[in-house]
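Structures for review follow.
Across the two complexes that follow, chain A remains constant while its partner is chain B and subsequently chain C.
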Partner chain A sequence: MLGLSLIVFVVVVAVAAPLLAPYDPNDQSAMLNFGARAAPSLLHPFGTDRMGFDVLSRVIYGAPTALAVGLGAMLVASVIGVVIGGLSGYIGGLSDELMMRFTEFFLVIPVFIVILAVVRLFGIIVVGTWAERIPHINLMTIIVLLGLFGWPPIARITRAEFLRLKQMEFVEAARCIGATRRDIVVRHILPNAMPSLVVIIAIGIGGAILAEAMVSFLGFGDPKAVSWGQLLYFNYESLKVAPWASIAPSMAIFITVLGFNLLADGLSDAFNPRLKQ
Partner chain B sequence: MPIKQNRRNFLKTVGATSVALGVLPHQAQAASPFFKLYMMIPNNQPARMIWGTLAAQQISKLGVDVISSFVPFTVIAPRRTTGQGKTYPEGGWDAYLERYYYNSITPVPSNLFSSKAFPPAGQNFYYVDDPQIDKSLEDYGSSLDAKARMDAIHRFEKRWYDIQPMTILFYPRDVIAVNPKLKGFTATTFNPVFFPDPENWEIEGQGDNATSAFASWAPPSNLIPMYTIGYNESNIFGPVYNRLYEYENWETKKVVPGLALSHTMSADGKHWVIKLREGVKWHSGEDFTAKDVKFTWDTIMNKAYASPFQAAFVEVFGTTDAYKITGPHEITVDLPKFTILFENWLMTAMQVMPEHAYKDIKPEQLRGHPANTWLGTYTVKLSNGKTYTARGGIGTGPWKATGQDPTRKAYKFEKNEHYWKKTPGNVKTFFVVNISGSDSVLSALKAGEIDAHDPMYDIGSLVSTIDPSWGKVHSFDSYKWQHVCYNLKHPVFGTGVDTPLGKKDPSRAAEAAAYVRLAFSHAMPREQIVKEIAAGYGEPGTVPMPYTAPEYDHEMLKPIAYDMDLAREYMTKAGYTY
Partner chain C sequence: MHSTPALSSKAALPAEEAPPLLKAEDLHVHFRTGAGIVRAVNGIDFTVRAKETLGLVGESGSGKTITSLSLLRLVPRPAEIAGGRIHFNGRDLMTLSEREMQAVRGKHIAMVFQNPAYSLNPILSVGDQLSEIYVWHEKVSRQAAFDRVAELFNLVGITDAKTRLRQFPHELSGGIKQRVCIARALLCNPALILADEPTTNLDVTIQSQILDLLDRLKHRFGTSMVLVTHDMGVVARMADRIAVMYAGRMCEIADARTIFHNPQHPYTRALLTSLPRVDRRYSETPGERLPVIGGRPPNLAAPPSGCPFHDRCVEAEPACQAFVPQMTEIGPGHAVSCLRRGSAGIPVQ
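The block that comes next holds the complex of A and B.
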């Protein structure tokens, strides 16, 4: 319940960001008025940071970015992971072997180095093309890359579930009444594999949010996106003189990632029939 | 199939809601930006990233679509050097930020802003190509009369102030924290004139055999003096080499003999006879002679070596026929015309390289050679038939290079016990270590791992966190400036041909470009940047001239007002309508 409450809280903050934030996220008027790194006050409840941004507003506007990263990356990862894992588990044989080796190949790739390199390359390639007009193209790239490299665990769980479920009696029954392979997979096996998948996806969302924060913290984030990782990057060196600017985004990351991890834990318990008994 | 229909409807609803609410954060964009500007912000220093982001945002408030990106300087350097003035989408650049300075204490703006110094042979990466600037620099550089020189440099400053080829944001004061037990730390670092100078350091309580470490933020690209333009590099190679003339200390900035003992100059400033110091030995044990000076100048003048100083050397000497050896320790120079660069830059700022050690290294091999990388060893044949194995550059300086440890990001030095000058310090082993981050460097200082650091760390805002028990704070006039520079071949803010005014009247294109740059300049909140980001350590910027230099015309150079209305007025003058 706590996990769900935290996530609902983050989602509400993200959706209502324009209503909740006291300032525009790009408002640097504090800097222009000699008020950067100001301690928390009534005017700025979380203080201002080195760049003169209102920390509370940036933290609030960071929520939609975090959710977009978490949900977007896991959407991409889930689609790839479920398709590859499902086919691998259901078809079996040589296809299974090949697809699992392919999955393992992705597991050993140093994801961060690839992301940093691709973000840099992509930033150069899109210059002067139609792709450049896509808002937050850098952030989108990070989301897609996190998804492209985040699917192997999902594929392995999906495969394991499909291997188990395809031997079950209800699947046999479906075959006997003449259900097509597509129906068996989509309407019988997949829904029954969902409990395990939802858990790993929930964990993955938290991981993706953390990963984006790390990419931004390394200075490779989207300069135009409001991201908690970037907030940390710009303020960690002022930790001793303006701790509020680092603590607030850190807490936001902590709450969100904790929420998704607790949710995954809760879902795992909820779907466990032994615990129900 | 009611279930499928419901699912589809559900997905449609979720999709529409997501779009309506905006899953991704939105940024307000000008309805129709006047033009696009790509700004590269070096990602190696958070403070600069902050004012870079602020600068980008301020320019965007004028209706410009500023696309900023955080990039390492290794991305910027090739774009500006080989871009041939191309814009960013064409593989060149539009705008970026940097901290810059002249390569000598006496300002030599012609090296950076003369139209004769375009890359790759020169350092006018910005393509400043203004006849009035050229004329003033020519007059400044070629006048023997000090007053005429001062008038010329003031004309340069005035012209710059009027057309703002780049936006000078501020003049930083260098803030450096050192080990309180360290005595003799009297200078900031400055390429290539001032280095850590550890031969003068005395560390209390360490007897006669002290070990010391100096932190430098960025790792070097080159360690052969003629290839280096950053003080992240001169911090390392500087203590190894000597120059013909050197500066006594940062406070007096007085020139004293180095490898040259004295010189004579003819009345017209063209004929020079330089007497070199005798008895000086290279670290290899070989004698220093006039051949080494000639070899250094020949090598830099040789285009095959692609030194960024080549254009400036050509401006001074014309050809290699301008100088000749007239004795083992004497060199005679006949300049095509008098130039201030010879005495105030070439002789005081350029290190002398060893002929016997470097002459056999081919141009295409030099950048990858251990003399430049300090990785591995190489053997040098000496005139007495013996050999010397070097682990880095070979100089005549107070410190011998003993190689690089890439895993520890450290460069090691041993004191040159046969140095030609007596030095007071007790440090016998010295390290330059690469540490990234202001917080990290202060932690290293607190832990006793380093004794001092270079000013790149911008620790101004963290001074209040330094306890006197582990850190003593020094502050120096830096002789540097922070700027936003523009590619002056850009069709809008460079040549102006694509501005509305430039299109309407091509003869006024340059004027229109200047209006755009003036608009950018007035959009910069310089005082706020100094106070809020640099913690008050600096002065608002106007022109590329050290704020404390005698050449800075304080009477004429009034602070540039932060005034968005005025900035928009300038944009309007360039033909843009709001």
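The block that comes next holds the complex of A and C.
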């Protein structure tokens, strides 16, 4: 329940960002009045940061970015993971063997290095081309990459569930009653695999948000997007002088990731019929 | 219109003269395992006549369930149908495409499973999962399908059908679930129902109700039934004819009365004498033990040569090891595969 309330809170903040934020996130005017690194005050509840941004506004505008990253990356990862894991578990045999070795190959790649390298290279390649004009192209690259490297756990869970469910008598019964292969997979196996999938996807969302924060913290984030990791990147050097500028985005990351992890926990309990009274 | 059972589709001939509804010829099912080929069904022939109940009996592992699944061409991997023909309503099911076969399953041949608790999808309401099948097979509207399901729920003795339609399997008792499964099998008014131990997982009073129900519905709709069971009591009550299987082969086929009163194959006799009787006392003293069949069921990966039963058979002679007995008719409608009863034998290579 706590997990769900945290998530609802973050989502509401993200949706209502323009209404809630006291300043424009790109408003650096505080700097003009020598107001950078100002301590929290009524004017700036969370203070201002090194660059003269209002920290509260930046943290609020970071919420939609974080959710877009988490949901977007997991959408990509779920599609790939469910398709590969599902095929693997349903077909079995040699294809299963091959696809699972392929999945393991993705698991041993040092994902983080690859993401940093690709984001950087891609950032250079698009300069001067039409792709540069796509809004948030850098952020989208990060989302897609997190998805492309985040699917193996989902594929493994899907495979395990499909292997279990395809042996179930009700699946055999459906086959005996003339159900097509598509019906079997879409109506009988996949919905029964959903509880486990939803749980691992919820954990994955938290993971993806954290990963984006790390990428941004290292300075590889989208310079045009407002992201919590990037706030940390801008402000960790003035940690001693203006700790509020680092603490606020850290707390935001903490709350969101904790929320998704608790939600996953709650979902796995909710789907467990033994725990229902 | 669609709800009226098509009784007229089956000619009102006496069972003896009616052409067989289903005829399986030389059916082989193999499991390809690491240890070699296991012949789970090894060349069996049988017929199911219109409106009759054929009891398929045998011990665990004798191939009776695999036989019934092979009629739907749905043997579980790693098993595969290695040969044979299944004539059904003038078509050879073995030659149909997978797509044509899907249209047969559930519509013309339906199945009732052993364990009703596991044979319903836990996350769909029973009304949804049954009406879906009906929509798919009969191409009717969802509403018409729901009406049909409700009608069948009434027929199988589920009270308050409208409420039950919206319930999920875990909200129903075992007996009701099996009634739902029977309703599912009858949905499209099939010509043949395969019932695989339909009462094994139910308690005794419910068993009796379910058997009555199956019998009543079978007569009402003129459906044929293949009843797979190891329970001689159940076949005695339900079956018109009985086929006894052992180690993937057919031992004896005859009408129920003959099987019980004049069994010929030594295995059939052994099965019947090992049934406990109500009117006898059993104890550990030699004369009062419940008779059992000596030895153990054959290992199908390395079956005994010749007659598969010879090493447990009280009447075995040396020839039983050297010849594979073939099903031979020894009386009207009574076939047996035993060299001691005059069956033809094929020498073992």
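Going forward, the second predicted complex is superposed on the first by the 276 of 277 C-alpha atoms of A that agree within 3 Å, B and C clash if a C-alpha of one lies under 4 Å from a C-alpha of the other, contacts with A are read in each partner's own complex, and residues count from 1 in each chain.
Keep in mind that, in the parts below, a contact is a pair of C-beta atoms (placed from the backbone, for glycine too) under 8 Å apart; a residue touches a chain by one contact, two chains touch by 3 or more.
Keep in mind the model is a prediction, meaning the values are calculated, not measured.
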Scan A:170 for contacts with chain B and chain C and give back first, second, both or neither.
second
Quick one: is A:125 in contact with chain B, with chain C, with both, or with neither? Answer first, second, both or neither.
neither
With both complexes superposed on chain A, which partner does A:2 reach: first (chain B), second (chain C), both or neither?
neither
Which partner, chain B or chain C, touches the larger number of chain A residues?
B
In the overlay, answer first, second, both or neither for which of chain B and chain C A:109 touches.
neither
Could you look at A:180 and tell me whether it touches chain B, chain C, both or neither (first, second, both, neither)?
second
Of the partners chain B and chain C, which touch A:191 in the superposed model: first, second, both, neither?
second
Would you mind listing the overlap between the chain B footprint and the chain C footprint on chain A?
none
Which bits of chain A are touching chain B when the two form their complex?
15, 17, 25-26, 28, 31-34, 36-37, 50-52, 61, 64-65, 67-68, 71-72, 120, 123, 127-128, 132, 135-136, 139, 219-221, 223-226, 233-234, 236-241
For chain A, which residues are in contact with chain C within the complex?
92, 168-170, 172-180, 183, 187-188, 191-192, 273
Complex contact set, residues of chain B against chain A:
21-28, 38, 41, 43, 46-47, 49-50, 53-54, 56-57, 67-71, 75, 88-89, 437-439, 461-462, 464-465, 525, 528, 531-533, 562
Mind listing the chain C positions that touch chain A in their complex?
69, 72, 74, 76-77, 102-107, 110-111, 113, 115, 118-124, 132-133, 136-137, 170, 181, 184-185
